[in-house]
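In this document, chain identifiers A, B, C and D correspond to the written order of the chains, with residue numbering beginning at 1 in each.
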Amino acid sequence: MRGRVVYLRNPKRREVSAACGWLFSGIQTMKAGERAGAHRHAASALRFIMEGTGAYTIVEGHKMSLGAKDFVLTPNGTWHEHGIEEDGSTCLWQDGLDIPLTNALEANFYEVHPEDYQASNLPLDDSPATYGSPALMPELDKWDQPYSPLLKFRWDQTYEALQNYAKVTDGSPYDGVIMRYINPKTGADPMLTMGANMQLLRPSEHTKAHRHTGNIIYQVAKGEGYSVINGKRFDWKEKDIFCVPPWMWHEHCNTQSGEDACLFSFHDLPTMRKLGFYAEQALEDNGGHQVVNG
Amino acid sequence: MRGRVVYLRNPKRREVSAACGWLFSGIQTMKAGERAGAHRHAASALRFIMEGTGAYTIVEGHKMSLGAKDFVLTPNGTWHEHGIEEDGSTCLWQDGLDIPLTNALEANFYEVHPEDYQASNLPLDDSPATYGSPALMPELDKWDQPYSPLLKFRWDQTYEALQNYAKVTDGSPYDGVIMRYINPKTGADPMLTMGANMQLLRPSEHTKAHRHTGNIIYQVAKGEGYSVINGKRFDWKEKDIFCVPPWMWHEHCNTQSGEDACLFSFHDLPTMRKLGFYAEQALEDNGGHQVVNG
Amino acid sequence: MRGRVVYLRNPKRREVSAACGWLFSGIQTMKAGERAGAHRHAASALRFIMEGTGAYTIVEGHKMSLGAKDFVLTPNGTWHEHGIEEDGSTCLWQDGLDIPLTNALEANFYEVHPEDYQASNLPLDDSPATYGSPALMPELDKWDQPYSPLLKFRWDQTYEALQNYAKVTDGSPYDGVIMRYINPKTGADPMLTMGANMQLLRPSEHTKAHRHTGNIIYQVAKGEGYSVINGKRFDWKEKDIFCVPPWMWHEHCNTQSGEDACLFSFHDLPTMRKLGFYAEQALEDNGGHQVVNG
Amino acid sequence: MRGRVVYLRNPKRREVSAACGWLFSGIQTMKAGERAGAHRHAASALRFIMEGTGAYTIVEGHKMSLGAKDFVLTPNGTWHEHGIEEDGSTCLWQDGLDIPLTNALEANFYEVHPEDYQASNLPLDDSPATYGSPALMPELDKWDQPYSPLLKFRWDQTYEALQNYAKVTDGSPYDGVIMRYINPKTGADPMLTMGANMQLLRPSEHTKAHRHTGNIIYQVAKGEGYSVINGKRFDWKEKDIFCVPPWMWHEHCNTQSGEDACLFSFHDLPTMRKLGFYAEQALEDNGGHQVVNG
């Protein structure tokens, strides 16, 4: 029982089961009391909660409670399982994986946990309790994995961080007030192959266009607006998912005049940067804005 | 006008003006409306606020408001200045510097700011607004200094972090629930030569003894208790300062049965570790506790 | 005029023009006095000289003279060109590229040099003269590229290194006396995506089998013998090329009783390791040797 | 029996037994067949052979044969011992140590080997045979120490490296053709606290003056000339030792018109750089040359 998953099927990437480039995106739903068995694979995964209460993920014995707009990691090679508490409600989340890349590189494996579920006596939410505070780290930390010891990133803290940062920055011309989720122990991306961002567009903010290598899949966390991708306009509102494939011009607009809008995104830029393949270009013409064709 | 400073004079380290090893400690007080001119030096400095309201420090144009038990950096080579707002109160803080080390290595210099005070139009507290959130970093960060971009560490966040961590850890046998202030961009110590910790001793907690190379200067942030240092007992309560010189056995005890106690400390362990000089030993005898002689 | 190139076409990887996985291999020949124009691309390339005299490669203005069994880099994004001096002879070399990977990640670009050939007044072989000595580096080195400043690795030095190392090591159970070409400034692989090794099999040495993720393309530099790959025997002698695809068992045998044999190889293990996808397994059964089926 | 050692006593640094700043320099001599017992200490040491044959050093079981002008490491905390083979001749070398720094930081310890001498069945010169080749590293290297796995740097290779580099560089305006001994596995300095250089001054070359923090102790490896240090001229010839204390102007001159001159030097610049204390200034006046006063 894995809950119900539909995946975002890009007709041009159907043979590799990718939504965009080498990234997979699925929408999963589980009901109160449901629990999916533990497994692991070489592919890294992440999950962004869309709605519901009582969801949890257990990674290598660390159980994390999850609410709407929380972001959780299930890194490369880790035992992991998901479920909904008995007193929770039906939950919906987006699953992001690099499984198409892992398959393409012939590096994947898949294993079911020998005892179906992970046994653990670690306290609930021990990962954020240990690593989720600003600029403090346990003195005697023994963490030696290549991925972040902080496995869950809370929405309330993330949104507060964006609001604080917004007070003192002009932001990026292409992305507004944009922050990167990091491994707090190193400052690097939280997993080896994929990174994630949350960005805030101020009321009526309309960014300029740029393009770069790598794939980005967005999920609208708050508000409404549109993005122009290679000359075509895509309107969006909360919980919508859209993507920007490699080297396509893109710009974002918050159409609300009194509210900020927030976009969660995950991407393969860590892969592109590690391999020396990251390149970026700003649109010079037309004041930095695309001509909209569609 | 630099406010009034008394420094902690260790009779054995008088010729190098050190409180302990190669670390300087001073107590500084300034009154409302006072302001000391900007200067810079090769030595790194830090400050832990003991009491008062309205204190501020400006580092390279970044102005930070400071309350009791906040911790602020003025790293190696940076222009810095301190003062108290007109509507503040008389403040007291501990100054910690590696100036004895800098002098010993014949690397120090001292410069007064050509215009007496730094001019800046950066918003107040822009450093913590940008870098002071858990596990998030500006996507387009240009920070390229060897010290932390987060220059101020708030007491309320620090104490909350310790309380959260205390729920899920047994802590260190020698130090209780102890966390290290870090450079959030790298996970390293916030300055090249000195680090700082905050530790929480649970009600009635009595740690075991160990000893190590390097010097530590403690300031009691909360509660009361005692430490045994090389067989001698030193009682302490809030705002007291004490030190542990190299290779001396030390253990800590919170004598309150209903309250936690907190110790701020700064040290030269980053220097010791970078140079390969860190060594540590646990006391094996007597259940890990020293026999108290004095 | 690019000389003549044939590429090694793997029928299962035909649509991506790869010899193995995401690696391209071609055999190129040029005649005395021929010169191919300068170009650059996001893909990294390397070349292992098979025969002839007077070959040269120019990378970002650094011209390198090349003899048989020399190994030369043309890293990601660098202007490069090849040719044969007028007084040279027809040369043959293997070209290795990660162009299938670069294409798959939609990160490639291709540019012809605006002036057809690179102009440069750098002295011949300045790269090995500067960076090609054991454990010494220019004190004031300004190199800041992600690839090795040493662009050419001489066969005579490589073979001598293997002979020296062979005197003091048992070698690897799977690969004999095997060394990795490195970036001498960092100790890392010389390019971001691909690495290269030279290994020496002692007279009659027969290694044990293991398997791992990632692709390896071998070229026989000296001697003769065979490799068993997933149960099938492949005999080889000098200048032969063969490959080991991901997760296939492989072991090597030098069939000469009085001579060592040397295998050059290049691979995508740096990519696999950076992304967390490297995995390896030793064959336990049958004394570590495969049963040969073919 | 430790051989005979005289140490270079700087009257201003007598109380810390330093030749310059926090560096110790001694001249040691041993006769054929002599052998000093194994010991270890927190201080790092290095040795530059001045004359004689048959010298050896054993570091953690790795025995290295040493000839004139070879440079050998005995890093922080390693068991080491020295001696002269029975068929050797009386040898002379310079010992360089950071023991004054180690003492100042109260980090030193000293231990005699429990069995007087190290037992080892590692082959002679296994360290240079494994790590002493240009840009090649064992594929399966397990080295995990913070110091260089290459413990011996041969004079013939070093001099050849300088000659090669001299053909393609203008060199440093302050130091001529200067190279840094490195840890070949990382490109960093070979020990944590001290580095070493060899520099070649071309016939009649006279460098410009600069000054910097940190201490340098020179030994003339070849030729003759003079250095001007803070306005005073010091003539030197092969085997002479001289030093440049912190922030003193210095320039070098090879007075031979037909021969190059070579200066070996060791220094504490790694310490200064790690702690953020490195600073440097070029002399602007008088064409970059000091006025000689003495």
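What we mean here is this: a residue touches a chain if its C-beta (ideal position, glycine included) is under 8 Å from a C-beta of that chain, and two chains touch if they have at least 3 such contacts.
Here's who's who by UniProt: A, B, C, D = Cupin domain-containing protein.
Owing to the predicted nature of the structure, the values given are computational and were not obtained by experimental measurement.
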item	value
Far-end chain from chain A, centres as C-alpha averages	D
Centre-of-Cα separation between chain B and chain A, whole angstrom	36
Distance between the centres, which are taken as Cα means, of chain C and chain B, whole angstrom	52
Chain C, residues touching no fewer than two other chains	none
Graph class of chain-chain contacts, one of line, ring, star, complete, other	ring
Interchain contacts, given as pairs of chains that touch	A-B, A-C, B-D, C-D
Of all residues in chain B, those that touch chain D in their complex	21-22, 42, 44, 76-77, 101-102, 104-107, 109, 146, 192-193, 213, 245-247, 271-272, 274-277, 279
Parts of chain C lying in touch with chain D, wherever the complex brings them together	122-123, 125-126, 128-140, 148, 150, 153, 157-158, 160-161, 164-165, 167-169, 172, 175, 178-187, 190, 197-199
